[in-house]
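In what comes next, subunit A is part of two complexes: it sits with subunit B in the first one and with subunit C in the second one.
So, the complex of A and B:
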C-alpha cells in the first residue's frame, strides 16, 4: 500500500458532513412515508397516502409550472448568455473582458432577496418599466408582469445568466482558434465559421449550461414566491406552503422527494436526447 | 483586410445587443438605487421628491441589525468549517485512492443538484425527529453543506496547479510529511484557500431558501429578516438596505478580483 499521510485527519470532517447530509435525506424519506397528524408536529404511522395525495390537480399544476419555468429560463438564458460569453472571451482588451465578467456576475452576488425585490420594483404596476412605457406613450395601461409566468421568467433569466455565462465562457475559451483560422483561410465568412466551427465545438458547454440552468431554476424559491405572489405555484413554493402554512411536514417531504426525482428524470431525458442527437449528427 | 458593409453591420448589431444585455443585468440594481431615495412610502418613477429617510429607517430597524450580526457570525463559522472540511477532502480526493472515495464525493457534491429547499427541509426534519435543539449551529450546518461543493472545487483546482516537485524535493532531503505540508504545501495553496474561504463566506451570507426552513426568532439571518420585511411593509426601507447590501458584496467581489483575478478562479481565461 502506498503512503497516504493525513488521510484520516483530512477526510474525517467531510465524512462527518456527509453523514449529516445522508441522515437528513433519510429523514425526508422516512417522513414522506408517515401519516400527518393534524395539530401535531410529530408524524403518525406508516402510510403511502402522501404520495397518492400528490395526484391532486394543484400539485400537478406546480409540477407543470416548475417544468415550464425551467424550460423557458434555460432557453432565454442560453440565447442571451451565449453572445455575452462569446464577447467576453473574444474581447481584445483585458479591461473589457474583466468588465463583462464582473457585470455578468452581479446577479449572483446580489443575493436572492435583493435581486428579487429589485425586480418587483422594476416589474410592478407602478414600477419602473410600466412608468417608462406609460410616459413614452407606448402603452395605455400598465402591463401586468407581477404575479405572472412572464415576470417570473424575466427574473429567473437574470438569476441564471451568471452561471450560464461562466460555463459557456469556459467552453469557448478552450476552443482552438486555429480551427477557426483554418476555416477563414479556406474562404468561409464569419457567420459561416461561427455556425460550422465555433458553435459545434462549444456544444458540450451549451449542454452543461442548460442542465445547470435547469437545476438552478428548479431550486429557485424566492423568485417564484415573491414575483409569483401565490399566483405562480411551483414545487418549491408548494413545499414551503404545505410545510409552514399547513404544518404538514410529511406531505412536504413527499412533495420535495417527488420533485427531486422529477427533476432528475427530466435532466436524464434531456441528456439522453442530446446523446441521440449527437449520434445522429455524427453520421 | 478591409471590412465589408456586412461586417460593419454585424459588428454594430453585436455591440448594441451586448450593451442591451449588460443593461438588463444591471437594470434592477439601478432601479432599486433610485427607489431607495424616493421620499414617499409609495414608489413612483421618477420620484417626485428625494429623501434619505429610508436609510435611517433601515439602520434603526432592529431585525436588520440582529440579522446582520447572525449572518456575519454564521458566514464566518460556516466558511471556516467548510474550508477545513473542503480543503481536507480536496486534498485526499486529488492525491489518494481510498475506499468509498467516489461515494463520498457523490454525497458531498449532491447539494449542487438537490435544491436548497430540500436540504433545509431535511435538516429541519432531522433535528425535529432526533429532538435536537434548533439553534445557530443548525443554520451553520445547513450553510456548510451548501457551500462545501464550491470550496472543494476551488481548492481542488489550486491543488491541480500545484508544482509537486517542491514537495518531492523537500521529501527527498528528509523532511517529514508534516513538515512538507506546513512549510511547502500550505503556503503554496494559501491563495486558493483564501479565495475559497471568501467565496464560501459570500455564498453563506447570501443563502436564503434553506435558512428560511431552519431559522427561529433568535437565529434569523439578514436575508430572512429582509424577506419578512417585504411581506409586512411596502415602503422603500428594503430598497435602502438592498443598496447597502449589494454595494458591500460588490466591494468584496472587487477586492477578490483585484487579488485573485476572477477569470482564473472561474477557469474562463
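So, the complex of A and C:
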C-alpha cells in the first residue's frame, strides 16, 4: 500500500470505464433476451426468439459478407503492407523511411466519415479512378466500385493499412540482420533469403497484423454503410438497420452479441496460431 | 611497416594465395572506415585482425565477405577477381559473434542450409551434415533447436554450418566474445585443431590480444582505419614497431627518456641522471631528443635502489596472482607514473620500499615521443 500511494487514484478512471462497459454489455445481453413489442421502444418479456430469428438467410448473408470483407481486406492489407513495412525498415535513406511512415499513417489522422467520403469521390462512376481509366482508354464504361464489395474492400484496406504496416514493421525490425547475412554467405540469393529466413521469422508479426486487421474490419461501420450503400450488408450495418430503421432493439442486441462471439472465436483461432509460431523460436 | 611477405609455411607450398587485397578501402559518409590496404593471405593461413573497436577490422571482414562494396581497389579469392561478386557467390564461410543460427530450423537444417542452396542431392546432404556435426562433436544434437543448446554448442553449430559448404575462406567475427572464460579456451583449441586439420584459410577478427597471440599464424594489428603492423605473434609481441602496438599487445613499461646518440641499433639514453647503453631491434630510430623507451615487464629485473644503471622507483602495490606477483612501482620516469614487474610469488615487498628497475641490454625499443 505504502509503496504505491497513488495507485488508487490512477486506477479510478479505468474502474469507471470498466463499470460503464460492463453495465452496457449487461444491458445488451438483457435486451437480446427480451421480446420485441412492435411500435414500442420498450422490450417485452423473456424469450429466445431473437436468436432463432438470426437463422434467416438475410442475417446469414450479413455474417458471410462480414467474414469475406475481413478476409479480403486482411489479404490485400498484408500484400500492400508487407512491402511497405519492409521498405520502411530497410530503406537506407531516412527521408524515404519517414515518407513511408507518414503516408501509411495518414489514414489514422482522418475521421472515418471524411475518409469514406473521399473514397466515394474517388470510386464513383464519374469519380477520379473511373475518369482516369476511361481517359487512358483502359476501360470503355465505368467500373462499378460504389455499392459493391470491391469498393468497400478498397476503402477498408486503406483504413487497416496503418496498423498492419506498423505491426509488420515492428516484427521486421526485430529480425537479426546477421541471420540474413549468414544465409547470404551460405549461398542464398536475395529471394531465397527472403523466403527461407525473413518471411518465416516475421510470421508472428504477420499473424498478429492479420488478426488486428480482422478485428478492425469486423467493427467497421461507416465505410460499408456509405460505400456499400445498403447493397453490402455486414453485421454492423445490419445492427444499425434493425435497431434504428425497424427500432427492433432486442433483435439488434442479439445480432451484436452473436457478432461479438463470432469475432472472439476468430481472434481466438488466430491466437492459437501465434502461440504455435512462437514455439518455433521466432522472437 | 606494411609487409606483404608470406609466412614460411606458405612459401613451402609454392606461395599459394587464398586472399589478395589490393588497395581496398572504404568510407561511410565522409568518414574513413578503412584506408586502402594491401594484404596477401596464404592458403591454410590463420590470420588475425586485431584492434580496438572502430579500427576498421570488421569493415575489412565485411569487405572480404562482400557485405560491403569497396570504394576502391580489387579483391581476389583463390585468384578469382571478386570485387564485384555478390556475397552469396563468394564461397565464404562466416561465424558471427552472436552465431546467427536460424531459430526456426533444427541444428541439422541449419547445417544443411548452405548445401540446399547449392542443390546438393539429399543423400549427400544427409551424409555431409552428419560429417560436419561429427567434426564439432554434436552428432546427437541434430534434431534440437538452436535455443535448446548452450553457447558453446551454438557456436559449434555455427562452425559446422560454415564448414560444411567447404568454403574457400572462413571468416570469424569475434566468435568467442560471448563465451565464458573456461569454455573460450577450450573452443579456441578446438577451432585451431579443426582449422589446421582442414588446412582452412581463416580470417579471425578480435579485440582480445591474448586470443590473437595464441591462435594466429600472423596478426595484423589495426588502428585508425589501417594496419599498423603485421607479423607472426612473436614478431608482434617481441618487436613491436610502434607505441600503439607495444601497448595494445601484451603489457608494456614505457619510460620517458632522452636519446643522446645512436649508431646502428645501439643507442645511448638518459633517464634523468641515469645513463643507459642499449641495443634495440629497430632499424628505424628516432632523432636524438625526448623519446619513449619500451620494455616488456618480464625483461625488467628488480634490483636494490641506487644500483648502477637502475631506474629508481618505489613499491606502490603488490598484487598476488598465484604463480607470480605483479609489483606496481611508482616511477618518476614511467609514462603513466607507474611501472609493472612480475616477481616470484614468494617475494614480499612493503609499499614504500625504494627499489631499482634494471633494464635489459638487448630487446627494448625506442619510439618517438607522442
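Quick note on the criterion: the second predicted complex is superposed on the first by the 266 of 283 C-alpha atoms of A that agree within 3 Å, B and C clash if a C-alpha of one lies under 4 Å from a C-alpha of the other, contacts with A are read in each partner's own complex, and residues count from 1 in each chain.
Note that a contact is a pair of C-beta atoms (placed from the backbone, for glycine too) under 8 Å apart; a residue touches a chain by one contact, two chains touch by 3 or more.
These figures come from a predicted structure and were not determined experimentally.
Enquirer: With both structures superposed, pick whichever of subunit B and subunit C touches the larger number of subunit A residues.
Expert: Looking at subunit A, the partner in contact with more of its residues is B.
Enquirer: Kindly classify A:160 by the partners it touches after superposition: subunit B alone (first), subunit C alone (second), both, or neither?
Expert: Neither partner.
Enquirer: For A:65, is the partner it touches subunit B (first), subunit C (second), both, or none of the two (neither)?
Expert: neither
Enquirer: Give one of first, second, both or neither to describe whether A:192 is in contact with subunit B, with subunit C, with both, or with none.
Expert: In the superposition, A:192 contacts subunit C only.
Enquirer: Using the touch definition from the top, say if A:201 reaches subunit B (first), subunit C (second), both or neither.
Expert: second
Enquirer: Counting only touches as set out at the top, which of subunit B and subunit C does A:181 meet: first, second, both, neither?
Expert: In the superposition, A:181 contacts subunit C only.
Enquirer: So in the complex, the part of subunit C that touches subunit A is made up of which residues?
Expert: That would be residues 65, 67, 86-94, 96-98, 100-104, 113-114, 117-118, 145-147, 161-162, 165 of subunit C.
Enquirer: Please name which positions on subunit A make contact with subunit C in the complex.
Expert: Residues in contact with subunit C: 176, 178-179, 181-189, 192, 196-197, 200-201, 280-283.
Enquirer: Touching subunit B in the complex: which residues of subunit A?
Expert: By the definition above, subunit A touches subunit B via 3-7, 9-18, 20-25, 27-28, 30-31, 41, 80, 83-84, 87-89, 97-98, 100-107, 109-115, 117-122, 124, 126-128, 131-132, 158, 161, 166, 169-170, 173, 190-191, 215, 218-219, 221-222, 226, 236, 239-240, 243, 249, 252-253, 256-257, 259-260, 263-264.
Enquirer: Flag every residue of subunit B that touches subunit A in the complex, lowest number first.
Expert: 7, 10, 14, 17-18, 21-22, 24-29, 31-32, 34-35, 42-46, 81, 84-89, 91-92, 95-96, 98, 104, 107-108, 110-119, 121-126, 128-129, 141, 144-145, 148, 177-178, 181, 202, 205-206, 208-209, 212-213, 223, 226-227, 230, 238-239, 242, 245-246, 249-250, 253-254, 257, 262-263, 266-269
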